[in-house]
Amino acid sequence: MKNLTIVIFRIFLYGILIAPMVLFMLYAFSERWFFPAPLPTSWTTNIVTRMLNDPRTTSGLFISIGIAMLVSFLSLLIGFPAARTLGLRTFRGRQIAWLIFFLPTVVPPLAVGMGLNILFLRLGWSGTLFGVILAHLVPTLPYTIFTLSGVFSRYDENYEHQALVLGSSRLRIFFTVTLRLVFPGLIVAALFAFLISWSQYLLTLLIGGGKILTLPMLLFSAVSGGNPTSIAALSLLFVAPPVIIIAASARFLVQHGNTIREQY
Amino acid sequence: MTKIELVELKKTYPGSHQPVLNHLSLEIHSGELVALLGPSGSGKSTILKLITGLESPDEGQILFDGKSILPVAPNKRGAILMFQKAYLFPFLNVEENIGFGLKVQGANPETIRAEVKKMLNLIGLPGVKKRKPSQLSGGEQQRIALARALILQPKSMLLDEPLSSLDTEVRVNLQEAIRRIQQELGITTILVTHDLNEAMGMSDRTALLINGQVAAIDQPMKLFTKPPTQSSARFVGVSTFFKGNLANGVLTTDFGKLSVNTNGHHAESALFAIRPEHIRVQTEPEINTLQGVVTDCMYRGEYIEYQVEIQSLTVRARVPMPAPVIPHGENIYVYFPPEKLFEVSQQ
Amino acid sequence: MKNLTIVIFRIFLYGILIAPMVLFMLYAFSERWFFPAPLPTSWTTNIVTRMLNDPRTTSGLFISIGIAMLVSFLSLLIGFPAARTLGLRTFRGRQIAWLIFFLPTVVPPLAVGMGLNILFLRLGWSGTLFGVILAHLVPTLPYTIFTLSGVFSRYDENYEHQALVLGSSRLRIFFTVTLRLVFPGLIVAALFAFLISWSQYLLTLLIGGGKILTLPMLLFSAVSGGNPTSIAALSLLFVAPPVIIIAASARFLVQHGNTIREQY
Amino acid sequence: MTKIELVELKKTYPGSHQPVLNHLSLEIHSGELVALLGPSGSGKSTILKLITGLESPDEGQILFDGKSILPVAPNKRGAILMFQKAYLFPFLNVEENIGFGLKVQGANPETIRAEVKKMLNLIGLPGVKKRKPSQLSGGEQQRIALARALILQPKSMLLDEPLSSLDTEVRVNLQEAIRRIQQELGITTILVTHDLNEAMGMSDRTALLINGQVAAIDQPMKLFTKPPTQSSARFVGVSTFFKGNLANGVLTTDFGKLSVNTNGHHAESALFAIRPEHIRVQTEPEINTLQGVVTDCMYRGEYIEYQVEIQSLTVRARVPMPAPVIPHGENIYVYFPPEKLFEVSQQ
């Protein structure tokens, strides 16, 4: 029974995820491909090469990476103390705090974007990198906090207490004990933040006002252009970094997750 | 060799009305092992947390050799806490775990290596230094945690039920090991436990904590055979109490007269107690017997436990094997040896 | 320390969330409002009334609600057995199954949308309600499964075993024991699915091809129009249902969550 | 009143090489309470799961009154399992919990109410029927779970360590209550426990499970005083064994000669054992004494436990109080009463 469920889901998800990616590949390198031919009838690398040489593409790539990295760093910086408090302590108003953190994930991003846009226009942050990064924090922070507070709810402060009575200072404990214990969780949280920021289209468009050209912006304008080959080529470039990061970290996470979990 | 004094400690946790420690005072001599025994919520663990500095008392003082340690930071007190779980750092191997404290102090690697080796021999696990904590059994982990504490030559060790999650055989072995090492190094130690046997076997003195205060403190043997109050008597397994008027060595209870050995000259009401293993059951009446009905009789291996109802009083007697199995409902005489009845105060 | 953290976060999040909502209200009912006046200088209800009488708006509202309800129902139907298997059982390939479920949440939605679009065009599902609902399942299913498998990882099958040895049939157990034990989790999962589907803009646009006009689509076209009053009015209509649902269920969830948790 | 037979049961869990039950056979008489005692992983709980049908055996048969129940669905077997946790349904009150099984059978509400009332009186909790499970203590919850099972008049009750999470006093009370009710209603019962005392006190017969087989089964008293094999002896607390050549009632061991009471006429090697509470320590040599050195002496309240090394053999002796405290390193003679030494097979 259970095996069947898994198999059905694999097929369902492979179909819905992997198939389109294969299509990207096929389209990106195809010159001619008409229905009902199962594969392109003529191949080319022109489009991909041209795209990679376009300065708009490379600058978009770097801006996207820069924003996503800054956003995930800031998310961790703000999210860590909040998650620790939420995960470890019980205090009055804890439920309210949760609801407040919960809100940005369930209030539709479009509404958030519209609101922020009006607000940032007044504050003069529209069209600035600063504004875009701040806006990206709205959807990323809740995920960072959720992920980390999950880690902290299974976290045992007594490890820190041991280090303390063994003579460590609070600062030393933070770096030699706390960070090492929650490291896999930190990586997951950073990954989440990176990916959410990476794929932001709406907030970047609304707050950036077309001046901050990230990859998703370029991709969208390519979609309006309507050339399936360049859409597919850009899509590939857009999908590659997340897939590489996930693939690279998956093994680490599974391994280290297990080592740490054994101790709990 | 440090003497620890707890002076009038008071502690109430936020959100609670009842203080968990209520003007508790206790003195632990230098090199002594004192066991703290008490029901859950009696503040046993709180005392250890106050001494290490993980919590602060609302009132009162904690003195090491006469000097207050309350202004000293937790990491400078030299009081090391051990828990039920070993809390070995999972990302360090055994050697690094044991050397953790020395590394913090900035000792050089050579010294650390030598000291770790000494410690591993002391705790009887010489061959494990490269292992990860997850590769060790629960008992081995606790030994390593012990070594990690001892390597710092602490002024005091505070053990918070360190053996309660271990199997019987491992537990007994570790009880012996901890006791041996503690005496060898003369470290002033406080052991929190809920296991009467463990407290009796390991401690120089055992303190009973009830309602945030020390209800009784004495050598285990004295505390076990002559607990001073009714509540402390219950805690060391006494369940039979007689209330009555005492005159000329005879206690007149609601159930009959009982001779007792006493030097006091009460005319007023007195409370006497007796341990279950000192009560005997027999078929014939005699002096100091009371008639009752057997309501239960359970074979427990080394002894048989009889439950006898003497009118409204339920008495549990433990008679070592060989002893007869008595059917339910049988009439029986319960003998209370006068020299085994002892007076307790009604608290 | 911890209290300070909470206070800072409240201010931060109130600022970023509540402020824009207040702005919606002010804008929606304002006739004239020029910088630097702190409040509109002239008020009107015309725009809001006109919008509520527009058949496009009401039909958009119903389509949005219909899609979101169907999507959450389907998510629960598919997600329940999967989550139960993932949360309760340990089997080989469990890590892989997790990764597969994890993928759709981290692969950028834009990429997923592009891929699905190409695929559905070939299958003839583009521009249909069926296609849109199927597409919405891609982002909602992982959340449903995550939420429910969290519930099931704390779930104790022995309650079911007790009911079984006490004479209940498997079917009866499902309705009288299992469902009642996981009920709060089901509500949370359904809520998640509803809200994610509710705020989908990208997938509806790409797969619906402009034929399925949900509220977010109308809102976006209003944004292009550029009249801040009607944008604000539509935004209000768009935000209201989620906020009402969350407010209505928050108390229930907190209460019932606690009752159930006590037993574990 | 149902007789349960387990015939050559074999069970291997998927992903494991070792069978958890290995051709295990066991017969439980009608109305009997059999305790299953064994180390963790010995398959105790697996047996209960097989009987209820939560798991299926790979080989073998399970018979109720001679009829196989393997084809019967778990919810039709009339075998009710109780766990360490009560597993009361949190969304039902006490009355609805107890009536759960009757409601499933379609009984009318009047009957259910009357039966629930009867059950609440039987378990001694008449006033709680409107409470929620979360408002009850652990012991009360287990009583309710018991009532929920008994109301169905099951053929068999299977208790999987139902008392192991409770405090000592509550546990003893519930042991008595379960035993009383079980005998009153005559329900064939299997009790899985890791507590030797509990098994001894509650069961008609106790079975020792080792390596997926019944290593010994007998009345508690016989099993405790004369376990048949070395491994079963270890399990009931015997730790002293002597191996040697037996001739004319004298066992010649590596440590000296010991007289034993025996009817056998072995010329070959034999293995004898003795319980720790039967060993005595004394200062003078005598017949059947061996010389040794005291390596530990722990006061345990009712007895003192001596650890004595006789050359390479470590002997633990338990001497009831009053007994002398002997300092470490003292030379001592250990007396092994001939009538207390018993032969065991070397398994």
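To keep things simple, chains are lettered A, B, C and D as they appear, and every chain counts its residues starting from 1.
FYI, a contact is a pair of C-beta atoms (placed from the backbone, for glycine too) under 8 Å apart; a residue touches a chain by one contact, two chains touch by 3 or more.
Nothing here was measured: the structure is a model prediction, and the numbers come from that model.
Tell me, which chains sit next to both subunit A and subunit B?
Of all the chains present, none is in contact with both subunit A and subunit B.
I'd like the Å distance between the centres of subunit A and subunit C, where a centre is the mean of that chain's Cα atoms.
Comparing mean C-alpha positions, subunit C is 19 Å from subunit A.
Once you find the CA centre of subunit B and the CA centre of subunit C, what distance in Å lies between them?
Here the centre of subunit C sits 56 Å away from the centre of subunit B.
Give, as an integer number of Å, the spacing between the C-alpha centres of subunit D and subunit B.
Computed value for the inter-centroid distance: 27 Å.
Drawing the touching chains as a network, do you get a line, a ring, a star, a complete graph or other?
ring
With touch defined as at the top, which chains are paired up in contact here?
A-B, A-C, B-D, C-D
Once bound in the complex, which stretches of subunit D touch subunit B?
175-176, 179-180, 196-197, 200-202, 220-221, 224-225, 236-237, 277, 296, 298-302, 305, 307, 320-321
In their complex, what parts of subunit A are in touch with subunit C?
2-3, 5-6, 9-10, 13-14, 16-17, 19-21, 23-24, 27, 35, 81-82, 85, 89, 91, 93, 95, 97, 99-101, 103-104, 106-112, 114-116, 118-119, 122, 138, 191-192, 195, 198-199, 201-202, 216, 219-220, 223, 228, 231-232, 235, 238-239, 242-243, 246, 250, 254
Any idea which subunit C residues touch subunit D in the complex?
Contact set of subunit C toward subunit D: 156, 158-159, 161-169, 172, 177, 180-181, 259-260, 262-263.
Touching subunit A in the complex: which residues of subunit B?
Answer in residue numbers: 52, 54, 74-77, 79-81, 83, 85, 87, 89-91, 100-101, 104-105, 133-134, 148-149, 152.
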